[in-house]
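First chain written, first letter: the chains are A, B, C and D, and each begins at residue 1.
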């Protein structure tokens, strides 16, 4: 397994759902930036479960412990390691079903890849719990980026068949409003409909997916290093590391296939010596490089695979066909908890591309 | 610029549209594999323009010249470098409009990033012509993978508003049929409708986009190295390096947000001791690791930004608002030519993940 | 700072001398290998101080805590993180002298690089204590390599002006004998003379350096990936990460400059169908690739810069010239403690190069 | 094979001694720097053979051809590719002896690693001829660094048993003087003695090695990224990629083992608000970071393995013991030609570490 991402910034992620701890090391952070633990903890809380009716009752309190890289409350430039010790673990839930690979989960692929030696409890290293480290790293990056007025925020645009409004032009106010909501939609009514859809799935012992749109405002033009390290390439590598994300589209995304060049080309104009585009169908990135317009992309999150409903599956040891009903504490919808993770990797990708400006 | 991708396999891409040559170096290829120049040239021909009514009349004959890494017709294990010398170049077309940044092209972002020193002729290093190197590398990888019966093929699933059929289950025969067509759709009538749509856009001095679905069959389970080097992450980094691609979705893609866990989970079963899934909504990848089902993903290709229609833009030197009408030889639709490029990076990502099996 | 090394295996090192903990994450270890904590702890003990008259009285007990990557006593294939919590810390020793940069230490260069935000206590992230993580990782790699009969061991060949014998041909017995000694020389008398030299330096409030020769036996031919990732290149990157090492030479090393091709060329012969060389002046590596003969190299370790003697230096804040006498607990000679670190990075480099054979 | 080095700057090297061409691609060069072809060609000429009595009569004229990355005489920021086509090749020299592995050469190790598919003519990809690309890249980096007054130059300090003077303090004048000499020693008499030693080896059908010391002046303090990417680590990876180099030592090097901390610690003092050290035993690097003093290191170059004398070896196909006498054109001493290669990789490592300052 390759828990290491080495770019301008480096990430090293580790841990298992039911092991001793999960955590992350962030390498090459710029020195001298304040580490605001309250802000970071608030960001962590956005991701952690057990807080509301639509998420798993496993109450992970995600208490962070910084082991290195911070001195007198500031980043030192040395690797910054954070761990969260695992508490409130009920491993027995999982031991009974270890050979019954859960459809949609990595049980089968991990078994093949690691010859059966993987930690299978609660998904082990494949657990969504690993993303706590990403949120921590992202919170640090976000607060560093805020020194340049860069703001990153996500919107839940779809849960099941319920859709929120689509903004054509996004403002700082829009993003700030989204960041203040624990269920970040533009319309409060839509949020209620989405929550109903989640409750319904829960009542069915089922789960439900959705879409998240993410904005990053006030980036300078010039971030990204094509050919292979264009901003879309770097961001996508991180985005697809997030469990459950199966699609990523920039700007107008798949709807671009409906359009003609004369409309999908974002026409340039200048205003007060600033270069702007009338539209932003390209999501703020042209040729792999940011153009100064808002970075804007959408991801799809599949329905969480852990469901109470009876499913067909196999016993991976005996290869017999069988059925499985997953017991225990599960989210009927992980979309709201994925929002801060998507924001986090966006912040990491941006700081990575702007590192020499800090 | 970072023209280098270093993974198990390495790629180093270089060249400009109107410079002396474009090319690629491929590092860490396994030794002893035959380099079938006829096959490679046929693959190159699928990408090159000037062959049919719907593409640019610039007739690049894309004649490859191998400089290193091949001895007695076989790979040696040493870096393999291929160049294509640029001929049939009309640089004057571009010199007149160099300060008028073309909307949708990288002219503006490259100017900002490289302080005006970039080669602006025909898009320079940002030209789609650079993908010739990827197709070459992909052809080599494809022929190496064929030793393990792995087959990769793309389908044009959408051009403008015209859609081809969607296969639920893909077979070797389906992929072979697609590979034999120079306009690879399942339905021949759809192909004609698509060509009409392209001609229409051309007559309007406009351009048109579309979608490509790509399949890779007979991969073993176990390819991909999460957390950060999962198969989706590696492939996406390469996919988003291809000019014009703005979205990527695996399996059922964005439609997964409509589904519940009980349907989007691909239920396992065994047949003749093989582990299979009834459906393939996850596109053959679970937890960043292939599961042995067909790898299946779709990309969206925006309408090529070079259009004859009058567009609003700016003069990047004077910052004045102005208009631009792009003259010269341009594709009204690049989707058919992007198909072999998408297949190529898929082959590269797969060989990269399977390198220790060769 | 770049605490990350990403190759076939990945390393991510973190911690500060007087912070909460030091540790390491090892990525991409093969799954299914037993983690023998007793063996690992014995290896750790070889490095840790406080055990004998010639090392610092700071008694770090280097108690390891594994946070992830081990399940049922075996590697899982997931990132393996180990931490050692720092205890027995007396930070006050260092606070008084923080602006007086210690000659030979990284105080000055760290101040410049990290704008004064570095953790300056006890060298912070530059402390030799960081190498505990390397020894841990090396112990794991060594025990994995032992499955292929590969044995790695170091010899103290020089302390100050005292030299140990030089082996022309090294055997498994030689290396095993070295590994059994806590002061690994071939001659026991030489060891006593070396210890005297160390005591003498200590009595002078001074310190002393030396040389370490390291052997790795039973490697297959074929390890190393030139051009840039030849075995010497990979090993050297790790070797020069070890604090205090200032030189590295393979085989006969700098004495090769005295020799002619007819003697420094290691003549081949075959015996029982095995390809061998009569001599091993090239240290088992030709063209960046192992040739099956023992890997053999020597490093020089400078005298530890922490000495009690009065030294000229500056105040880095005021830029005034001043003097400094370092108080506290220091090793008069770190060479014996560096031996297991050198062995450790050798094991890491070898496993890295052989990963696809496991 | 891994012909790719990806760091802040990227290198991709390719070619074989008797193939069509050798060359290099340099990625991530800063844009807007003049490419002075005359200067580059002069640097190339320092490396190329056939120019004087002590080197091989193979007259490679090393005519460079730039394929990309330069526009209007300046770097564009895009990958810069240079090739040298191979002319004046006599492959027959080598064909007769292909199964007789040459001692000291990579014939045996390449055979094992690449299963016999390697290009064996003239060492193939292992030929010293590959370093032409490094010298080209280094010349570019040197001329970019000269904008910051950084000067890099090498001295031949030893050929066989003949030694040149050792400078304790090196000045700009010293380095400029060395750069002006085609046999760069400080003493002209020593140069003559060295040339005699080379001629003698040649008359004996033998070869001879030596040592090169390299200086880099006017670097700022702060270059290098420990833990793993310290300046010594990065430089050493490149240095050991150069064929024939078997040892590397910084500053006072292996003689540091004779010294005590009180002498090997370079005492700080300030003069005109500049931080300096009285001595430079650490070679300008402390803790993996440059300290502003001259970077200073020495390498050992083994005697070139190609000699006319009869040698014992084996037939790699039949495994029979046999003898070999290498015919053809060979250098009796490659040390003078390695000097510009060592300077080149030093320039690359420095620009790599300072890239964000350009």
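Keep in mind that, in the parts below, contacts are C-beta pairs under 8 Å (C-beta built on N, C-alpha and C of every residue); 3 or more make two chains touch, one makes a residue touch a chain.
Remember, predicted model here, so these are calculated numbers, not experimental data.
Looking at subunit A and subunit B, the chains in contact with each of them are C, D.
The chains in contact with subunit A and with subunit C alike are B, D. The chain pair with the larger count of C-beta pairs in contact, out of B-C and B-D, is B-D.
With centres defined by CA atoms alone, the chain at the far end from subunit A is D.
Measuring from the averaged C-alpha position of subunit A to that of subunit D gives a distance of 46 Å. A straight line joining the Cα centres of subunit B and subunit C is 46 Å long.
The centroid of the Cα atoms in subunit C and the matching centroid in subunit D are 27 Å apart. We define each chain's centre as the mean of its Cα atoms; on that basis subunit B and subunit D are separated by 39 Å.
Annotation for subunit B: residues 1-4, 13, 28, 79, 113, 125, 225, 227 touch two or more other chains.
Taken in their complex, subunit B has these residues touching subunit C: 28, 79, 225, 227, 355-356.
For subunit D in complex with subunit C, the touching residues are 1-5, 11, 13, 101, 103-106, 108-110, 112-113, 125-126, 130, 158-161, 201, 204, 206-211, 221-222, 224-230, 232-234, 236-241, 243, 246-254, 256-262, 264-270, 273, 275, 277-278, 281-283, 286-291, 300-307, 309, 311-314, 316, 319-321.
Against subunit D, the residues of subunit B that register as touching in their complex are 1-4, 6, 10, 12-16, 19-23, 25, 27-28, 31-32, 65-69, 71, 74-81, 83, 113-115, 117-119, 124-125.
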